[in-house]
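The two complexes that follow have subunit A in common; it is paired with subunit B in the first and with subunit C in the second.
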Partner chain A sequence: MSIEAQEKRQGVALVTPALLWTLVFFAVPFGAMALMSLAHLEGREIVQGHDLGNYLRIFTDPSLRRGIFVSLEITATVTVISVLLAWPLAWIIATRVPQRWRRMVLLLAVLPFWTSYVVRSYSWALVLGEKGVVMNALVGLGLLAEPVQIMATRAATVTGFVHFFVMLLTLTIYSNLIQLSPNYARAAQDLGASQWQVIRLVILPLTLPGVMTGAFLTFVLCIGDYITPQILGGNNELTLPQLIMLQLGRRGDYPMASALSIVLMAIVTLAYAASARWLKMERV
Partner chain B sequence: MRYLSWVYLLALFTFILLPVVTLVVFSFQDGRLPVPPFKGVTFEWYAKVLSDRAMMEALFNSLIVALLSSLCALTLGFLAASGLARVILPGSALMRGALIAPMTVSYLIIALGLLQMFNQIGLRPSLLATGIGHVVINLPLCFAIIYAAIGEHQKSALKAARDLGAREWQVLWLVAAPMLMPSLAAAFFLAFTFSWDEFIIAFLLTRFDVTLPVEIWSMLRSGLSPETNAVGSLVFLVSIAIVVVLELTLFRKGSK
Partner chain C sequence: MTFKHSCAIAALMAGLGPAAYAEDLNALIWCDHADPELLEPFETAHDVRVNVKEYEGTAAGLTLLEQSRPGDWDVMVIDAVDVGRAVERGFLAPLPEGTAPTADYFPEVLLEDHVTINGTTYAAVEKFGYNTVAYNKSAVDPADMTSLAALWSGKYDGRIAIYDYYLPVLGLVGLNAGVDTTDLDAAALETLRDPLMQLKAASKQVSDVVGSQTALATGEVDVLIGGGEWLTAVLNAENPDLDWTIPEEGGLLWAQSLAIVEGTEKPELAAEFIKYVTSPEGQARLATSSCYWGMPANKAAGDVLSDAQKDILRWDDQAEYLTRAQLYPVPDADTDAAMQDLWTDMLQN
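Our next item is the complex of A and B:
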């Protein structure tokens, strides 16, 4: 056997376990789920079928269709607010904070990452509740006559999400900013640009790929999350993941849960296709 | 502009740190509700958590699942990365894509697919099922990190080892693994953290023995309580301790 053929055989042998794992525990279940989405429930029995009934229902049943819009609205709001808040923060840390404090400040900025995700949502419930710290402070300072209900509304969900994704985006945008050569800004300044113009016309466009990658990540993680809306948003309006869990829990409607999952995936795929040309998925 | 920067920094840090600080402060609350006013310091809730058997079992389960599933994901990812880095196979790009694919799918969907498959083949919801799910989500991560770390320099070192007559396992164990140690460690700890903190897969794929996030979740049903604050603070404290240790040992050289 030639050396080259032997090399190839060994290469294949090394990749095979991982590929098999992905095939058996990812591709197969996923295919099974796609099939399941074409079945339907009769009483408690799952009847295999080949029709698009579940999908038709998702787009006609108001409570299900509403879930898609609720999810999209929340995710869009969260993504936009998070980017708008995180960019200046990353910029200030990268350019205004003295070098020796930078690492410390950055670590502090992502400190809440180290609590568990469930606990982080819980602590927002703690803060935003009617008797929580925020309402206490606002009423105490005389800014509000009496507590306003935030918990169990969309505002609470968005706050919890923004908190998480500001941290995430600050990290990605910061790592983008410090890779830029300071010469760009200097050259623009030498050519007479004001500081504001340097940011708007030079720095901001240069960080766009990083921002888009971060925003896409935010979109994907946000739209697929069950914990935050479930703990903070209450039951007035349900997001797609909440609807999926509801189908599972209430009557074991696997077919509908599967169809909703496929819709959720389709939305993510569309978002990817729409933003692909700006994304910079390094190396892989 | 200068002052504005500091004001902004302060405002956002308040926003970022507010929930964590509140969580920790009110875990010491000497009263039944973790909301203002603060009534004084007690360690009662910590004592309660530490003597809670279900909680300690869940903590232990989480550690085991995180440890074993990360090791498994790391091994599979390491082998695949060194395989794909050594030769250009027909369909290399496709294989890379297939290995990365689970990264683009929500955990909820992965969990739902596995739940259905396990139901079908009769594997009961268990820690094993959860562990399998955690390998699925962490394998792409480990593969991507290690694959990205194998550059031209590493490739020629591996080739040299082979040319000098090392067997394949020797190349992997004696050359590749030590050379890639920083990224192996990074991949392992990232995978460990993700598994440790993962909720939805564990929620759907466990029943009697649960992991820590699931146990905390069931605690939330009883509403706000300083006991939940205490659990959260403990998890926080442990993670910070681990980060500090890593920062001081492992990542010291690479960072400045």
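Our next item is the complex of A and C:
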């Protein structure tokens, strides 16, 4: 056997476990879900079929269609706010915090990951309530005459999400920042760039892979999350995952839940396609 | 590490794990049946481990059964008014004679029309209560709560939470509009759209059991439509101001029942479990379950419950309450879908 053939065989052998894994845990379930999305409920029975009625309903029923927009609006808001907060935080940790304190600061940054998602959301519910810490402080300081409602609004959902995703983005941007050679900044400064120009024209573009990777992860995790909007949003508007859970838990409508899930996956795929050129995992 | 050490550690680990039982009983339940205080005496007496899976809403329960193999489940908790639905689809087995003697039951909750189909009894009612109005009496005028109309009056705007379950709340909205739960069909449903949307506009949130309890307990809201003793009783020790009432328009009576799942390989053990849960001791434990409280269907549980527990359950008021409460709506598939569409519209707008 030639070396080339031997290498080819080795390559196939190395790739096969990953291919099998993808086939068993992604392709097959996805196919089953896609097939289910073409079925429909008749009374309380699931009837297998091949029509696009569920998809048509998603885009014509105002309550279902609004779920897509609510999800996109919340996810876009969370992603933008998280990036705006995380970049300066990561930059400060990478460039201003002394080396010996960095590990401690990063540890503090990832602390929110240590607690359960549900516990964290209920904690925010208590903090953001009308008798919670935030309102008590604002009213106590005289900044507000009386408490305003944050809990059970979209603002509460966004707050809960941002708290988590700022930390995720900080890590991806930080790991990108520390890989940058200080010579880039020095060269720019030698050529007369101010500190602000160095950040804006040199550092920021070089950290785009970290920003985009973190932003994409934020987008994917945020748009697929059920717990945070359910606990903090007060059911005053429904996101796609909440609509999916309604179909599963209340109606037993697996076909519609599958169709909504496929739409959710399509949105994530489009987001990936839009950001793929910047997603360079090896630089994060 | 030596083999001896490994064996010692394995033995220690085994000792620390859950107790070993001779067999298992698989139960599809509501959260009140997950309380170890309820299950432990049965497990010990029969040397059996009760494996529980919680579900919410009959549709979800029936879907779970549909996707299971015969023998996967032995018993299930189900809304008494939905027993017929489950029987129609062949999910429930007849109860053996004498499984749950009803001589000591509150007669109003026997619900024979619902649990006995064509002369065969398929389920035993085990617990009941009311979906009505729960409130914080230190923040709300209790006199206002004697009428559902107070929730649409504007006085409590922004201080109301809606319990996130469409059947009882649509039933209550119907009662306020003069529609009995038995008349709640697709046509009547359309007349409830506006009052439901007005109620949503006046409310701060729509929440599940835990969310509703948290909102009432923290003062986030002062009134919960759809609430009742099942929600406030567990909070009574912490906050005695949390109260409930049945307004003059009436309230919704919920009644849960326990049934043997068709295809079980342990019908005798399943029947024993139902016998235990409907016995005075089981009934008292179920009534005061850590997840939610509710009235035991078997009056004999009164001999086991303490006076304080009976006070919280309003034991002495049941005769009057039962005359004013109506059963949950029992929609056919199309009406049920229309109800859920209306509920989704309310949540989303």
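The rule we apply is simple: the second predicted complex is superposed on the first by the 255 of 284 C-alpha atoms of A that agree within 3 Å, B and C clash if a C-alpha of one lies under 4 Å from a C-alpha of the other, contacts with A are read in each partner's own complex, and residues count from 1 in each chain.
The rule we apply is simple: a contact is a pair of C-beta atoms (placed from the backbone, for glycine too) under 8 Å apart; a residue touches a chain by one contact, two chains touch by 3 or more.
Keep in mind it's a predicted model, so treat the numbers as computed, not measured.
Peer 1: Which chain, subunit B or subunit C, is in touch with more residues of subunit A?
Peer 2: B
Peer 1: Go through the superposed model and pick first if A:A125 touches only subunit B, second if only subunit C, both, or neither.
Peer 2: Both partners, subunit B and subunit C.
Peer 1: Tell me which partner A:G249 touches in the superposition: subunit B (first), subunit C (second), both or neither.
Peer 2: After superposition on chain A, A:G249 lies in contact with subunit C alone.
Peer 1: Would you sort A:L238 into first (subunit B), second (subunit C), both or neither based on which partner it touches?
Peer 2: Second partner only, subunit C.
Peer 1: Under the stated touch criterion, which partner chain does A:A273 make contact with: subunit B (first), subunit C (second), both, or neither?
Peer 2: Touch status of A:A273: no partner.
Peer 1: Touching A:G224 in the superposition: subunit B (first), subunit C (second), both, neither?
Peer 2: Once the two structures are laid over each other on A, A:G224 reaches subunit B alone.
Peer 1: A:H163 in the overlay: touching subunit B, subunit C, both, or neither? Say first, second, both or neither.
Peer 2: In the superposed model, A:H163 contacts subunit B only, not subunit C.
Peer 1: Once the structures are superposed on A, label A:A145 by its partner contacts, choosing first (subunit B), second (subunit C), both or neither.
Peer 2: The answer is neither, since A:A145 touches no partner chain.
Peer 1: Between subunit B (first) and subunit C (second), which, if any, makes contact with A:E7: first, second, both or neither?
Peer 2: It touches subunit B, and subunit C stays clear.
Peer 1: Name the residues of subunit A shared by its contacts with subunit B and its contacts with subunit C.
Peer 2: Dual-contact residues (subunit A): 122, 125-126, 129, 131-132, 231, 248, 254.
Peer 1: What does subunit A use to touch subunit B in their complex?
Peer 2: 4, 7-8, 10-15, 17-19, 21-22, 25-30, 32-33, 36, 85, 88-89, 92-93, 96-97, 103, 105, 108-109, 111-112, 114-120, 122-127, 129, 131-133, 136, 163, 166-167, 195, 220, 223-227, 231, 241, 244-245, 248, 254, 257-258, 261, 264-265, 268, 272, 282-284
Peer 1: Write out the stretch or stretches of subunit C touching subunit A in their complex.
Peer 2: 56-57, 59-60, 62-63, 66, 85, 89, 158, 164, 166, 204-207, 211, 214, 218-220, 333-334, 336-337, 340-341, 344-345, 347-349
Peer 1: How about subunit B: which of its residues touch subunit A in the complex?
Peer 2: So the residues of subunit B in touch with subunit A come to 1-2, 5-6, 8-9, 12-13, 15-20, 22-23, 26, 33-36, 76-77, 79-80, 82-84, 86-87, 89, 95-96, 98-102, 104-110, 112-114, 116-117, 120, 132-133, 135-136, 139, 143-144, 147-148, 168, 196-197, 199-200, 204, 212-213, 216-217, 220, 224, 228-229, 231-232, 235-236, 239-240, 243, 255.
Peer 1: Give every residue of subunit A touching subunit C within the complex, in rising order.
Peer 2: These residues of subunit A touch subunit C: 41, 43-44, 62-64, 66-67, 70, 122, 125-126, 129-132, 149, 151-152, 231, 234-238, 243, 246, 248-252, 254.
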